[in-house]
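Here come two complexes built around chain A, the first alongside chain B, the second alongside chain C.
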Partner chain A sequence: MAVHNAVKPQSYSTAAGMKRTSLWFLLIAALCLLLADLEVIRADPWMELGRIGLGLITPNFFATEALLDALLNTLAFALIGVTIANCVGFLLALLFNKPGVRQFCASIRAVHELFWALLFLQIFGLSTLTGILAIAIPYSGIFAKVYAEILEESDHRPINSLPKQQSLSAFFYARFAIAYPHFRSYCLYRLECGIRSSAILGFIGLPTLGFHLDTAFKQGNYSEAAALLYLFFIVIATLRQWMRLKLLPVYLAAGFYILPQSTLISLEHLKRFLGEDIIPSPLRQSGGDFTEQILALMDWCWQLLYLQAFEGVFNTIVLSIIALVGSGMVALLLFPLVSRHFFSRPGRGLGHALLVVFRSIPELILTFITTLILGPSMLPAILALSLHNGAIIGYLIGQHSNGLQLRADSSRGLNLYSYELLPRIYPQFLAFLLYRWEVIVRETAILGVLGIHTLGFYIDSAFEDLRFDRALFLILITAALNLSIDSLSRWLRSRIHRVNFERVNSC
Partner chain B sequence: MKSITFALVALLFSVNIQAQSLTFTAIPDQDETLLKTRFNKIATYLSERLDIEVKYVPVKSYAAAVTAFRNNQVQLAWFGGLSGVRARLLVPGSMAIAQGYEDQFFQTYFIAHSSTGLESTDQFSDNIKQRTFTFGSKGSTSGRLMPEFHIRKQFNKAPDQLFRRVGFSGDHSRTIALVQSGAYDVGAVNFKVWERELAAGKIDNSKVKVIWKTPTYPDYQWSIRGDVEQHWGEGFVAKVQKALLEMSDPDLLASFPRQSFIKASNDDFQPVEDVARSIGLID
Partner chain C sequence: MTHSPAFQLKDCHQQGNGQTILDIENLSIAAGEKVALIGKSGAGKSTLLNKLRGLRPDECAFCPQHHGLVPALSVYHNIYMGGLERHSTLINLINLVVPRPGSKQDISSLCQQLGLSEKLFISVDQLSGGQQQRTALGRALYQQADLFLGDEPVSAVDNEQAGQLLELLKQQHRTVIIALHNEQLTRNHFDRVIGLKQGRVAMDKPVAEISDSDLADIYRD
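For the complex of A and B:
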């Protein structure tokens, strides 16, 4: 009782804190809406949508060559990449309070998998190693952050009660054991993301499902595209059935066996990449004296900043904040679909299916469809990002709500939603949402089709023009942006969250 | 610890397997379906004619094709005009050896949605100003380079300044789909893709039509690395060229799709390089 009383005043203050944070976000998003370009272009999409619809009801599983290979490669890249990232990320999580580690992790996860792959493509070619590293590197940064947070948030009383707190066994018995269930469930979720990333790497040529999906969709072979999408949905929806820790070594061995083994590791390529390709072009040109080169370099930087980076950062921030608030709204609407407090098992099955569809369709494809309907502006991107990320957060807080116990006489329906569940899941919801912010920033990278000039649009252009110096410069700016977002969202979370923990303790 | 082991295993699996076979790629631009099925036939043909093992690797983008050529992962490639120029600039000694008959006079079609009221004209119409506009892929000759060049030449303005909105559909078929649906007012598309989709009945002429055709320019070509002769002996380039020029089986030619191949040289693509430099796509 005493504990309860002690916590109460503080939990009032954070409820206010959460409300304030939410209102600020709504306000800023509203402001961004004023700045954003939201023009709806009256279009006539029915012919194309009709074809897409026809494709969806007549999937053709036999139109794709080497379909089984593509499916297995997708899983192999994901399993190997995520396993490596899991291990590296765990080690980094242990060092997370050392100076520089947090920033390092924020920087490596700021870069979209596709861009990592494009960088490694220059050194290792289109090879297995390129695919594995493109997943393993950004995911290590993500794992490190999440694992560090799980450790930080888990109950510290067992370890504090031990006489020798620094020993390895103290760590494993008193901290790791407590956090383990969270690690485990997070790792499964990350594997799902890994399968998505692996598929998307096919867009640039790795032999995964995305390779064929991209082709089929671009060329309007919607029956083939539908078959590939269905296959993809099935793999993701059944993940929890076939993924067993005991089977992991078997899967990994099979993965190494399946993936094509023809990497050209060449020191020459590495040297060329580091020594030439990424050196700013004015410095590469020989001749001219030192001052001239410095002036040319400053001009190069200024041109990139002025013509691309400023606009890129602005658009990335505006788009990501609106999409963030949109995702939150979608999540709050969708999570009851998978919550046992609202639907029985068969109903939740349908809800799960719907959420799997929304969170698994690659954003690029979702954006193409929304663009057909709304015309090119920020609007289709906002819609696509909100649906995709909203479905992910909705799923996560839906799962979270299933862990909550209700009183036997709790209210039902809308009252239950508004007066009990929403307040109880809200801290978790905000935490997920804040974390999702940087993911949305990363995802805005691939929306060049709309002509929205985000940072990612310019990075993609630089790669397409084989100007790796520019690509790297812009990637560094993206990393800096992500560092700021990381500290901002950490600050916001610390305001909300301190108390979440105490509340858990008081239960 | 586990991670280190995995990294080591990954490295072991990626030991340097220097291909003894000739490897080629083809940029997927006009038809990306069944790439392996179609181009493995070309590999078989070349293999028979050259008496060495020939392999095909599929790629997805212009940049990936150029990188593979530069890294000697492929020695022979079917490039677009711009990607070929870029690749040959990066690999000294490499040369264009053959192009499709049609590639001597390639064209870009500007297409417009019917609601714009734009009609087909001999001159580039002023009425496209302030419309929404989509290119194809950023690295495409017919979907980006040439249309941008003509836009700048005619209006003396960058596309961003001329149009209300500029997008990159990423693909010629998508350009057609986006303009046909009215999502974009105007688009620029590879004429071969337009004709193919027209024949396939995917285009509704009451919704989208061609409003202007660019003058002709050289586009796709086969390029080969200069250092292949160190490996397969003197005269190898000429041998490959001969094999390509003598490809006459309609089934093989349909993969590109071209009616035949004719000789080409680096000089044929000087105009493409000049245009790329003039609009700042090459430094």
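For the complex of A and C:
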């Protein structure tokens, strides 16, 4: 026998590290699967699926004359909300290093737009202001963070070479001009997200596409629902064609014109909501014994935590981890569809179309549809979240793989996938996935409004019972969960690899 | 002894941006020859190698200038990639997770010859330039082909080691064509020298007939 092992080989491989990380995630997700409620409740999911499929091939664009109104309202809310958020976010980005600003931005974006809408609904009713604020506030926080990152990462040499670096002209010439293309492309992406958010605001009653989708699906009018979905795809797919900076003032004016103008800002309402409704109920009766009140408050907190928040947080985390790993699997499965190493241009076109469909439908609507088919359990939510986020990450790593130059004699098929591409894209893939985790948690919490027992379920129920104090308490807990997941994912990212992380369009 | 040609290139003209990249009327390389390809950078060496490879893509062990290694994978896996086509996809996939004992033995003895035995399970992103180059050579050797085409495959190691590696390559392949810059290596390890100048064959001689002025001509403008 040959003496091969004269020198014992050392073992430190980057791939082995990545394998270990993935194994941990798989293991934790498997554990979560044991804890999750995955029952298929519908007796005959195939029948419902068939009816939805039939609707999809027979869209009815004339079922309701409100269709066009709903579409225009959706766009108006998104355009106005995102424009305001863009301006506010930009100003906040300039102050990002001032104490408290970073934390402030993190907390306003930790509350989902649907929860903001539910809060404003109590003050301003089902009005235009509610819709605009619900988008503008969390988006300001997101814009601030991303714009601050863009400014931070852009080339600092031009400004350092100027004599007066603090002047406004210096800023606009040497910093803004460099960062502007990135601002622009991010802003367009955010507008796309804004249209999705605006559409789902319909689910709580605002006059956008979601409102009609909700009704159409609930009544089984799948042809009408399909028409709404198709309109939505077209608007999103053509966004870069019709969205021009020069036309923005026209769009904004038109938006203000078409949105309903019935906002009655009632001071009394505001005062009652802030001064009474959201105060924890044990503290409302004045004149009681102070220690008794504190004890009652502690009991109130404990009851809420014990009976609702614990289960809500637990379910949200369990569901989000399964969805995270599911998204990863979907992404690794789908990215070859848009990679030039596997398909020629026409083939990739089809792949792109598929991915665009899955990433355009908001998670909430996708879950709504899968729940119709499978019944209310965690299973439809896992499916929907994995498909939506998997399509987004798959698209991003597909693009990343297109930038890789391989040897002329590289292998083909599964060999190419597993030996050449997977090891090269994996660090990027893990980074994208971990970035996405925060978004998945935010969305998982929201899916509660569809009846899955994540945090959103308890928040929605509290609103329905008009117990706003409880709702606010649970919203704060949700925000705290989002903030902790955000820092956990940042810690993991910095720990796992010494990779040059590209900024991903978060949220 | 008559050799059938391993490569026969006829009337090969390639233009790009209004410049001649390759302009070769007839170039024949017999099986068994050990050919050094010299010329200034941009003279068309890499293009010619790629053309030759294109003639028999499945029979050439190829070592390109940019090594095409996968940074995250270990030396073992990068070398194993030379033999992907010899094994079934299923075996390749399993080997990615658990190295096959048989391949491990082959590759570890190959690594011993390359001076990489300590680094077998270290990913190549942690290796020096010379070690990476030897890994790329290892991959080419593991292709176990008859023909070897290399684009400056020993440029990042010292002269003595380069000589040993060239001998190893010659030992394992019948026909060897290597682009390189080093005069001493050219003279000591090859039978035939082809000099390229602006895409044309400016010199083609047995190594014994090469004079210093021949070499100077090739590198002159």
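Everything below uses one rule, namely that the second predicted complex is superposed on the first by the 357 of 507 C-alpha atoms of A that agree within 3 Å, B and C clash if a C-alpha of one lies under 4 Å from a C-alpha of the other, contacts with A are read in each partner's own complex, and residues count from 1 in each chain.
By our rule, contacts are C-beta pairs under 8 Å (C-beta built on N, C-alpha and C of every residue); 3 or more make two chains touch, one makes a residue touch a chain.
None of these values were measured; they are calculated from a predicted model.
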If you count the residues of chain A that each partner touches, which comes out higher, chain B or chain C? B
In the superposed arrangement, which partner chain does A:413 touch: chain B (first), chain C (second), both, or neither? second
By the touch definition at the top of the document, which applies to A:326: first (chain B), second (chain C), both, or neither? neither
Going by the contact rule set out at the top, does A:390 touch chain B (first), chain C (second), both, or neither? neither
Touch check for A:377: first (chain B), second (chain C), both, or neither? first
Look at A:427 in the shared chain and tell me whether it touches chain B only, chain C only, both, or neither; answer first, second, both or neither. second
Could you say whether A:466 touches chain B, chain C, both of them, or neither, answering first, second, both or neither? first
So, A:124: does it touch chain B (first), chain C (second), both, or neither? first
Chain C-contacting residues of chain A that also contact chain B: none
Touching residues on chain A, where the partner in the complex is chain B: 41-45, 47-48, 63, 65-66, 80, 83-84, 87-88, 91, 118, 121-122, 124-129, 132, 202-205, 207, 211, 214-216, 218-221, 252, 256, 259, 261-266, 269, 281, 368, 371-372, 374-377, 448-451, 460-461, 463-467
So in the complex, the part of chain B that touches chain A is made up of which residues? 1-3, 6-7, 9-11, 13-19, 28, 31-37, 57-64, 66-68, 71-73, 86, 90, 115, 132, 134, 137-139, 165-171, 173-174, 177-178, 180-184, 202, 204, 207, 281-283
Along chain C, where are the residues that touch chain A in the complex? 50, 53, 57, 60, 62, 64, 66, 68, 70-74, 77, 81, 84-85, 89, 92-93, 96-97, 105, 108-109, 112, 117-123, 125-126
Per the contact definition, I'd like the list of chain A residues that touch chain C in the complex. 2, 4-7, 9-16, 18-19, 405-411, 413-415, 418-420, 423-424, 426-427
